[in-house]
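The chains carry the letters A, B, C and D, assigned in the order they are written, with residues numbered from 1 in each.
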Amino acid sequence: MAKKSNSLTYEVVKGLWNENPVLIQLLGLCPTLAVTNSAVNGVAMGLATTFVLLCSSILISVIRKIIPAQVRIASYIVVIATFVTVVDKFLAAYTPDISKALGAFIPLIVVNCLILGRQEAFASKNNVGRSILDGIGMGIGFTWVLTLLGMIRELLGEGSIFAISIMPESFNTWLVMILPPGAFLTLGIFIGLSNWINERRVN
Amino acid sequence: MKLLSFKKGIHPKEFKYFTCNKQTEVLSIPDEVCIPLQQHIGAPCNPIVEKGDEVKTGQIIGRSESFVSSPVHSTVTGKIKTIDSYLHPAGTKTQMIKIQRTGDDDWQLLDVPKNWQLASTDELKSIVNEAGIVGLGGAAFPTHIKLAPPEEKKIDSFILNGCECEPFLTSDHRAMLEMTDEVLDGMAIIMKVLGVKKGYIGIENNKPDAISQITRKIQKSDYNFTVIPLKVKYPQGAEKMLIEAVLKRKVPTGGLPMDVGVVVNNVGTAIAVANAVIDGKPLVERIVTVSGDGVTEPKNLMTRIGTSFQKLIDECGGLKEETTTVYMGGPMMGISQWDLSVPVVKATSGIVCRTDKSTNGTSYPCIQCGTCVSACPMFLLPTKLARYSEHKLLEEANKTGILNCVECGSCAFVCPSNIPLVQWIRIGKLKVGEMVRSKN
Amino acid sequence: MKTSAKMIIVLTVIATLSGGILSFWNGITAPKIKENRLKVLKKAISTVLPKYDNYEELKLSEEITLYIGKTLKEETVGFAFKAKGNGFSPDLTLMVGILPDFSALTGIEILEQTETPGLGNKIEDDEFREQFVGLLMGIEPNIAVVKNRKPKNPQKGIQALSGATISSKAVVFIIIEQVKIVQNLYNQKMAGI
Amino acid sequence: MEEKVIKNDVKVKPKKNPKDKLFKLDRQPLIISSSPHLNTTDSVPKIMWTVIIALLPAVVLSIYYFGLPALWMMSTCVISAGLAECLMNKLKGEEFTIPDGSAVITGLLLAMTLPPSFTLTSAIIGTVFAIVIGKHIFGGLGFNIFNPALLGRAFLQACFPVAITTWTFPKTDVYLSKIVDGVTAATPLGLFKFEGETSDLFNMFWGNIGGSLGETSAISIIIGGGFLLIKKYADWRIPVSYLGTVFLFGAIMWWINPKYPDPTFHLLSGGLMLGAFFMATDMVTSPITPKGAWIFGIGAGILLVVIRLFGGLPEGVMYSILLMNAVTPLINRYTRPKFFGEGSK
């Protein structure tokens, strides 16, 4: 492959900030906005997505050479859908509360453009090792943003983090933060801040 | 009675009191004049004299073959000193002829018929052309072209522009009072040339003495002109505004007054026409208002073209110590001067000297107050145009009508944020004009 | 020709594998999921009915199943059933407990709701739900929903949640409507037997 | 670099830049500037401070009716608005813009829209949101799409929906003795929407009703608003079309079904007066074209009545104005006045 290859460490690290799926690539914003009303949901969504991402990346990287280009998207979708269903059933069986909270957004991981995007952009062009590293990096990058979003929204919206009360009793919770507009606001500020930081780093 | 006017526009403070009651004084003929070869819109003239030549007052010293042009005359009797480029009051350096006066006026007059009323239209037109008459209101458009509209444009009305809506300026006001006969004769000549029966004189209501004087003279004469007192409003003197106010006709966008069958001329132009046709005198002098709080003794001066600003200002007692700005023309559209050696040109209606420091306060961002929109007499959106110009959105600017701007400056005048709106629009207009031309 | 054959083969293989994995996984998780659901249902029934020892299911229609709570002495202590309707947002599902003669409520539980967090979703709070215990239904129930104060007669009125009057009213409305339907169905069923 | 070249290319001659002075020997240099050389005396700070003065009657009356809490509320909002403004100036590295008065107006207007019993810390959150997100994130004065005060209020409404709809009665209220706990009261609109009770129009006119600080007394707003209209610092078309539409539309609905409140009630209740005279007329967020101003007012009026009569909320002033704010750029675009002479002949 003529493409210049990054160091192995960078394949993992890039997902955390430089090519962060949410902040930089703006991928997978739908679940980011929808389920981050608490830290637990953020973590769960992040981990579920990471699992699907990682598994699909491995599988697709393995079979990348035998899939004809014409049906690659269809194949990816089937692979991804399989893993998503596995996660969905798992959560419903063992953590029914989280399953209820995340609702339709777990099945919707199938159409999360982050996952399909990584298959198309990375796993289908790189070997298994790199695909694993990329999947891990992107997954962690996705998870930490969702978790932080969830933490902030939960802190302001409910006065707690991971359901542990933090704020004093007198704190008036900001209802909007656990509503969809709060997600837009927080994410907007997040992306704005990350752009600001990157700009300052460049200068 | 409700006074006629156009829609929108502004009401700047007038400041006419400096000079409006002062009899015009004749400025002594200067020892040296500097005559720009371009004092009009159109092609510049070529010198037809050489260094060292003797010239008479009124002798043509420069002319051009192109259609849109107007000859220039020597305004003194003397000897050509140099032909070189000097600073023009418009701010650029242009070719000028410097003439050293050698003695009293020795006039070289034009050939004129004994009775202009019997003369042919073409004869009159050529006299106007030879006399180097241009629009003396400030635009300096060659008058003989205005007097020769294309066949298909039927002209039915003539309006004499006596609005003088710019603050400070009183030269037209004084001319109407002191040279009423010439004004009316000049107007009659122009109307004869145009073959127009209906003549109107539009005068802003802040000159009641001029209105009554002209009305009286018309009653005594055979002329059948209508004097129309107008509401005091800026830019009443802009052709399109004046036509709307007087005749309720709207000049179409991108059109000229003749598209609605009207020709408009300034009071000063009428006087120049009368002088040329009746006395054979080319345009060598005009009334210049020297005014403002920056000059010791404001005056109206009958001045030879080519006299330096410095001489006029000296005649008025010189600039005050605290004077900060001097501009040619009124404060709304006048051009700043930094060197007072520049000569009076045909379009110099006034020299205004100010000590005012408040012309520019702090600038604020546009707060979308819409004041400029309600001021713009051309019904444009100045704030948008300025923004488009600033960001080089020329297509947008063109669509939003930037070329319709008459640059009257009303928008910048009213802007509470002190944004240089008309200034940006001027730049935009230039660029859009270029763009449009390059497309065609 | 060759590529299309390859396409078909590859897709078929992937789809088959996927189906296999999923059916295997479903086999593991399905019982667990069913168990979870049952747990939720049981908990809801026990919340809305007074003390009972076991319950029977009675299918009234395609959608409505009546859970009849009975003591060991076969004494019926109350009925419970699911009531669906729209709140401020759609899809509000309640578990309603009522005395066997349909005269008064014995309690309610919110099974599913998508009301506004922090406002409408306070219908889940005990404080709000407990107001429904002992609420008189009668033939033409007349329940007042009042704002900012306690109802004059706690058996005939509910204090709305502040800021969520619509959700509060919706709960009352769903209950009134569904109780009537269930009562009719039950009476028909009894008469039919 | 490229950027800079372009900038210089079209740079306007600075009006008064001492470096541009060209020296003439015997006297101080003359200043070069491009015409016009005259300016009105109006300036942005003058407009802003006049608006603040116009708000004073309402401020005084609200302090009279609600006592010191009203004063605390307003001063808290104004001060925190000022501090937030300074903070943003500092972060953006620009000059302090407190003197232009716009931050003070935002703070004051926001305070006027809050109930007197609202907690001060929450009010600070709203004010900071209004200034930081509502104004500076959009680019500062003149660039914001939404009225910052209303945006702040909308944020508070979303954050603390219960607290912001809990009103106290004015201390002079004649009905006070009837209130059992004496803490909460409903606004006339709330009473109408949820209880079907009408309120005394006379009390509504003078402000002797429950409600937010600035929305109770119609008369004080009319005095201040009238002053603004006379000074021409507010476009008369907006309040006229806004109030007129509410009255007309309200009257039609009342005529169709008398269970809806009568149009006078619509005019005097809620924040309509405050909104019509001080919020909708906010220059930055309202259309610049005359026709646009009519559309803006009529649109807001229709939205208001629709929200009040058919919406879930008793009051619709805030959302009606914010929604019209959102379409203002569009209105500006499609209501360009006909150029002088356009289409003639």
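Basically, contacts are C-beta pairs under 8 Å (C-beta built on N, C-alpha and C of every residue); 3 or more make two chains touch, one makes a residue touch a chain.
For clarity, every value in this text was computed on a predicted model and none was experimentally measured.
Taking the definition of touch as given, a chain qualifies here only if it contacts chain A and chain C alike; those chains are D.
Put simply, the chain farthest from chain B by mean CA position is C. Between chain B and chain D the centroid-to-centroid distance comes to 46 Å (mean Cα coordinates, whole Å). Look at where the CA atoms of chain B average out and do the same for chain C: the two points lie 87 Å apart. Between the CA-based centres of chain C and chain D the separation comes to 46 Å, rounded to the whole angstrom. Chain A and chain D have Cα centroids separated by 41 Å. For chain C, the set of residues touching two or more other chains reads 118-119. Touching two or more other chains at once are residues 173, 175, 179 of chain A. Taken as a graph of touching chains, this assembly fits none of the simple shapes: it is neither a line, a ring, a star nor a complete graph.
Chain C meets chain D in the complex at residues 88, 118-119, 147-149, 162-163, 165-166. Only residues 172-177, 179, 181-182, 185, 192 of chain A touch chain D when the two sit together in their complex. Interface residues of chain D facing chain A in the complex, by the touch rule stated above, are 119, 121-122, 125, 133, 137, 155, 158-161, 163. Of all residues in chain B, only 12-13, 167, 240, 244, 250-253, 255, 259-260, 319, 321, 323-327, 329, 331-340, 352, 354, 356, 358-362, 364-371, 373-374, 377-381, 383-384, 389-390, 392, 400-401, 404, 409-410, 412-418, 420, 422-424, 426-427, 431 touch chain D in the complex they form.
For chain D in complex with chain B, the residues that touch the partner chain are 6, 10, 12-13, 15-16, 21-22, 24, 27-40, 42-44, 46-47, 100, 140-143, 235, 283-290, 293, 332, 336-345.
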